[in-house]
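Here come two complexes built around chain A, the first alongside chain B, the second alongside chain C.
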Partner chain A sequence: MPKRVLLGLLLACGLTAPTLAQEPKTGGVVNAVIQPEPPGLMLALVQNGPTQMVSGNIFEGLLRYSPKLEPQPELAESWSVSEDAKTYTFKLRKGVTWHDGKPFTAADVLFSVEMLKQTHARARNNLAQVDKVEAPDDYTVVFTLKQPFGPFLGIFEVGSMPMVPKHLYEGTDFKTNPYNNAPVGTGPFMFREWQKGSYIRLVKNPNYHEKGKPYLDEIYWQIIPDAAARSVAYETGKVDVLPGGSVENFDVPRLSKLKDTCVTGAGWEFFSPLAWLWLNNRQGPLADKRVRQAIMFAIDRDFAKDVIWNGLGKVATGPSASTIKYYTDDVPKYAYDPAKAKALLKEAGYKGEKIRLLPLAYGETWQRWGEAVKQNLMDVGINIETIATDVAGGNQKIGDWDYDIAFTYLYQYGDPALGVGRNYVSSAIAKGQVFNNVEGYSNPEIDKLFADGAIATPDSKRKEIYEKAQKILVEDVPVAWMLELQFPTIMRCKVKNLITTGIGVNDGFKDAWLDK
Partner chain B sequence: MKQFWKSMLKSPSGVIGLVILVLAISVAVFGPMLFPNSPWRMVQRPFLPPFTLSTVPLGTDALGRDVFAGMIFGARVSLLVGLVSTLVALIVGMPIGAVAGYFGGRVDDALMRFTEFFQTIPSFALAIVLVAILQPSIYSIVTSIALVSWPPVARLVRGEVLSLRTREYVQAAVVTGQSHTWIILREILPNALSPVIVLASLMVATAILLESSLSFLGLGDPNLISWGYMVGAGRTVIRQAWWITVFPGVAILISVLGLNLIGEGLNDALNPRLSREGR
Partner chain C sequence: MLSFVAQRVLKGVIVLLAIVVLNFFLIRLAPGDPAVVMAGEAGASDQVFVKQLREKFGLDKPLPEQLFIYVKGVVTLDLGFSFRQQAPVAKLIGERLPATLLLTLTAFAISLALGILFGTFAARFAGTFLDTAITVFALIFYAMPLFWVALMGILLFSVTMDWLPSFGYETVGANLTGLAHAVDVAKHLIMPAMTLGLFFMATYTRMTRASMLEVKRLDFVKTARAKGLSDAVIQRRHVLRNALLPVVTLAGVHSGTLIGGAVITETVFAWPGIGRLMYDALLQRDYNLLLGVFVICSAMVLIFNLITDLVYRLVDPRIEFAS
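Showing the complex of A and B:
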């Protein structure tokens, strides 16, 4: 009985929610900030954040992802998985055309897969388990895997696997193709012009395959290099949307209080940026697990969240962000406890050796965070020396393992096999590169768990494996997890429905409309 | 000496400057004793306005750090950088100027071209580049400020030496067979010293400004708090919290003003013939 009541409630919610929402209005122009100016707009070649934010509206993937990271139809209208979890069949939407009028078919999918394997490092990695891709007819694509790969349905997001027009790219040099400068996709908006250093203009695709969408006529992505000027541009009404990270955090409360302004932290569930301190496990006091645990106890992460990030985000509990599959908070806890940190340091025999701290040179917020963490660590008796560097210099030091503690944040891509494991398995220790296992943590048990987890079936088995891995990692503290970051999107309240998916603004203008 | 102090104390600007300098130095020396805590420590809630709590009289910054404590500790860094870098600049600039002026000819040409090489590069740009290359730290900051500020010293000393070396007492020393070193050190430099002292007092002020500008741009020593750093860190929140930038800014203003006043006072005291009374 209770079960049925619950089901009824759920149904009621599901049914009433859409009717409560306003009817979308068509027309209007939206000005949004893009920061920094993207290096290019061809998503298959360039994967920087700003590229995706603009091009996510020009290109499309086979699937979209809800904020809960459930796959939703985009270019594929349905999909099925075989019994042995090795064959994935996608049925493509019919009547989809490229911006130049040519039809989108299964041949484009096959071509995109081949092209991305050459041009897109992460896609290549994601497709490593794919044995073959076939198109039995124009609207069906079949992926056959070498072995079951749990997160496979998570790799079809537009930034990870954008669909590329075969008729424009086949047989050309991908890097110099003229369409890189005027990209042609299937998405709701078409590229119109790019005034370098000023703005990028997209216009409505009148032949978009979802009838009635998009609602907006045009999008202007304004390029404004100075953070203070971006805030002012919003205040003066020059722009209506400030995507996450485009203004400094301390400006967020002030801008949020402006009239007719809406703020949301949603729309980053797929990326789930997680900030941590890389701890060099190889040398000195940090080689001792107890010192690393002391660092976790010594840092006031609630303070960082409340003061430095203005209350946005969430204190991290371990290697997975809470929005990632198989996340568990049933792990050892590290609340702010300086006394415990001191005791652990004493036990480990730490004698005040100098420890170098590299803050992240991404602007004010990160600078202040570095200062606060340094003070926290000094307070428990850790002798910290801050090393000032720029972004490139910092990356080089970290890649060369020439650091003790270093700030960073990484995207997680929805599944531990796609975004988490790469930072802890010993096969990802590669000198000279950043964003892998630069801390030098090596634990055969963890290696095995991540290897098994990627290919285990069914889901419950994967869950068990990853929960175990999280417990071991949190106990060992290979890195000091800080916060699940939230990059708040600030916009005028008249911009509706901008953030509907797990990647938010990055593919959001499809559903957005202006309430005039 | 007595005469010097007498005329120094007679000039009002000199007195005001001296008072400011003595105050600033005593704050830098003794202040940190009154504040045992690090100025980086988060002590109160962030953005606390000034004059609301007696424990943090000048309010707190974006992280809740005591602005007053920051100013006290900042005085130490600012004055130390100003004095040390000026001293280094004098140690580099005076011998070069003296040798160039005394020997003249090719030596003079070579040394002055070398000096001009430094003078043609905008000093602040050069300082930024040097600090960026050497990685920001108190040592690289002092080094770069000294490196960009010695050329005027060399030029000034050279000019003084040029005019002094034709004086009779110098020629007398040459005739009696004194060594060049002896003549430069004992006969010429002491008499060339007064304009150098005046210049040095102004150089300290310039050095403080340079250090503040570097820190403002984020090129300060990340482990030391300084006035310029405080202004730079508070700049972006000036609309929410004016006090974070205004107080350290005023501190820079007052100490630079004080040093300039001292320079004027020194000028009056050391060059009585040029002083206003004489005119």
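Showing the complex of A and C:
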């Protein structure tokens, strides 16, 4: 068995280096890589990956989520849901202070909700079902919904709903507030220094509300723009942690074999990144379902997983990743079958019209994947023209619907109502947006299923609805699902307990300690 | 001379403004804008969000109005605000400029010093093995892509020999001060500066060699020889000095190119300079920041060219400044 496949299997099985039940040790400094350099650290204003990775240490949400996506206490110590599933009551931890010493109270939660509705597109969508938010006392917050919303308890992690200090932001211009560049949160680490282009330094919060935590004294996030240089920095011992996606995939097997190196694929359950090809359903041959199905049969996704992604990840079966709620693999299957693809193309009357393919400008791995897919599609007779763009140019083309096939990968946020439905319901079709239903798929039955699924109770009813939706979608192939991606975290084995939740390194290093 | 400098500065300002206007339109020709990029990164996008961002960036205003606002800012030395990085552009550039100047000026000095030295030797021993060896050496570094030389340098000097640090400007967390800090920065500087310097060295070597061989054939060199001057004096005072004019011209032109080369060098060595800032700003369509970097780079090129003109006069006193 090729080594990379073995590595993938080990990761898929969650097998990492043995972690013995040891007493955590206090102290020490961890050097981790951050790539690319975040544009800012204020999570309420900037929501890209690197920002969350650093700021997940500074800010906190009301909840965090286990690898099985069960809610766990963070700033809220307990919560309850009313019988009609419309009222959610959160009891906040007492004795929590902001990094500047001011107490964290329900007023901060109310303010954060209002601010995020203005500045955080995903939070605004997540809060769309909220009728009102009230604070009966300083440590209780009550969300009242317009109607039951199944995934509501899943929207409170730090990146989706970071708590913001009211006393520093109220009445200010959010975008130019000086605290954007010296953020103040309640998290286990405090912002200390940002040498632009070099590093970001966080130091231990001595007044953190979980006694004894965090264990580490400091975290340095090293900014190293070149992927090869990041690998070298790890090899030469200058950094201890390479979060998922820090190095090119072809470097992963080599680095994994280095002495005292541990690798884990855990910590992506909440995000469950799923890669697929947008297929422009509106025009040309791709408007025909049979051509879209032919594309699914024509692409060798096992090859992509084993060779391009070095055995990491899993071949996708449909619109939901296997790690999120209500996933089913009881859907039509599309194994690699070029003959079937050719037959379907013939049946659909495809006559060699040119089809434009937009790869994703996210580095070498994606470039290679674009080439492999092009080869697969040309092998069955599809006339592919690759359009090279950078990320901004690609986003513009997708937003303008000016493409035929385009690579993407998106997070699923644990629940089909949060991260799946938006890609297929017709109400999410609108020119100018980079995500959501950019393929132009429209099916009233799917619209209804996703609308019902979001508000249905109990859970079994939601399961039934989403399983049905998955079957219909996989039959219709509005987009071509490729892989459930896995971004392994590579670290020195002396770094213990780095990943303890389904949010992984994006959830802060509060449990991590160094076995010196 | 003063009126010459004043005239050149005035012309420089006009050129700078022309560059601003041209770049303003050029970067808007690229598909995608900052709103699209940020919406893409946010993991969610709807029309309201993108519209909100455009309003925030002032991109909803008509293009001429955007240009007017920008030029007005530049004239009053205000380079605008980077909404992406939530900081004034001047501050962002100011933080990075010293590192780039340190890198490019060191590389410039290395390339010029080594280039002239090797070129002189190659000319002095033209046609010999030494000449061929120098030419081949110089061309190897010229022919190899910068990033490749950089990576090979890292592999050899950081990974295999463990002599030099592979990335960064200083040892993070070491909190060094004074001489120890200067030595630490110098250690970090060696590889990036040599990578960039060796690349440009080749052209100076070739130019110095060719120019010296040409000057050598001129009558005044024969005269000097007839006067009985030593070979070293002839080479240094008569040949090299007269051969330097084209090298100085080239150096002036290179001042701009160096910053271009610094983009790659800074990326591979994680050197926190302006080159990388410019590259990121381009990918993220951070218009104000990108224009700001262009303004500063253009100003630097204009200043370097002015210095070049002044150096002409030092090298060749026959040249007079037109008033």
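The definition used in the following text is that the second predicted complex is superposed on the first by the 495 of 516 C-alpha atoms of A that agree within 3 Å, B and C clash if a C-alpha of one lies under 4 Å from a C-alpha of the other, contacts with A are read in each partner's own complex, and residues count from 1 in each chain.
Following the convention adopted for this analysis, a contact is a pair of C-beta atoms (placed from the backbone, for glycine too) under 8 Å apart; a residue touches a chain by one contact, two chains touch by 3 or more.
All of these numbers come straight from a predicted model, not from anything done at the bench.
For A:S198, using the defined touch cut-off, is the partner it touches chain B, chain C, both, or neither? Pick first, second, both or neither.
A:S198: touches chain C, not chain B.
Chain A residues in contact: does chain B have more, or chain C?
Looking at chain A, the partner in contact with more of its residues is C.
Determine, under the contact definition given at the top, whether A:I308 touches first (chain B), second (chain C), both, or neither.
It touches chain B, and chain C stays clear.
Does the superposition put A:A228 against chain B (first), chain C (second), both, or neither?
both
Given the touch rule stated above, what does A:T176 touch, chain B (first), chain C (second), both, or neither?
second
Which of the two partners, first being chain B and second being chain C, lies in contact with A:I387: first, second, both, or neither?
After superposing on A, A:I387 lies in contact with chain B but is clear of chain C.
Of the two partner chains, chain B (first) and chain C (second), which one does A:F250 touch, if any: first, second, both, or neither?
Only chain B; A:F250 stays clear of chain C.
Quick check for you: in the superposed arrangement, does A:G101 touch first (chain B), second (chain C), both or neither?
After superposing on A, A:G101 lies clear of both chain B and chain C.
Between chain B (first) and chain C (second), which, if any, makes contact with A:A372: first, second, both or neither?
It touches chain B, and chain C stays clear.
Answer with first, second, both or neither: which of chain B and chain C does A:P206 touch in the superposed model?
After superposition on chain A, A:P206 lies in contact with neither partner.
Check chain A for residues that touch chain B in one structure and chain C in the other, and list them.
228, 389
Looking at the complex, which residues from chain A come into contact with chain B?
For this pair, the touching residues of chain A are 227-228, 248, 250-251, 254, 303, 307-308, 359, 364, 367-368, 370-372, 374-375, 378-379, 385-389.
What part of chain B is in contact with chain A in the complex they form?
38, 40-42, 46, 62-64, 135-136, 218-219, 222-223, 233, 236-237, 239-240
Along chain C, where are the residues that touch chain A in the complex?
30-33, 36-50, 56, 81, 83-87, 92, 95-96, 99, 147, 151, 154-155, 158-159, 162, 165-170, 172-173, 266-273, 276-277, 280, 283-285
Across the complex, what residues on chain A touch chain C?
Touching chain C: residues 29, 31, 36-37, 39-40, 42, 45-49, 120-122, 124-125, 175-176, 180-181, 195-199, 201, 218, 220, 222-226, 228-229, 232-233, 235-236, 238, 389-397, 399, 410-411, 430-436 of chain A.
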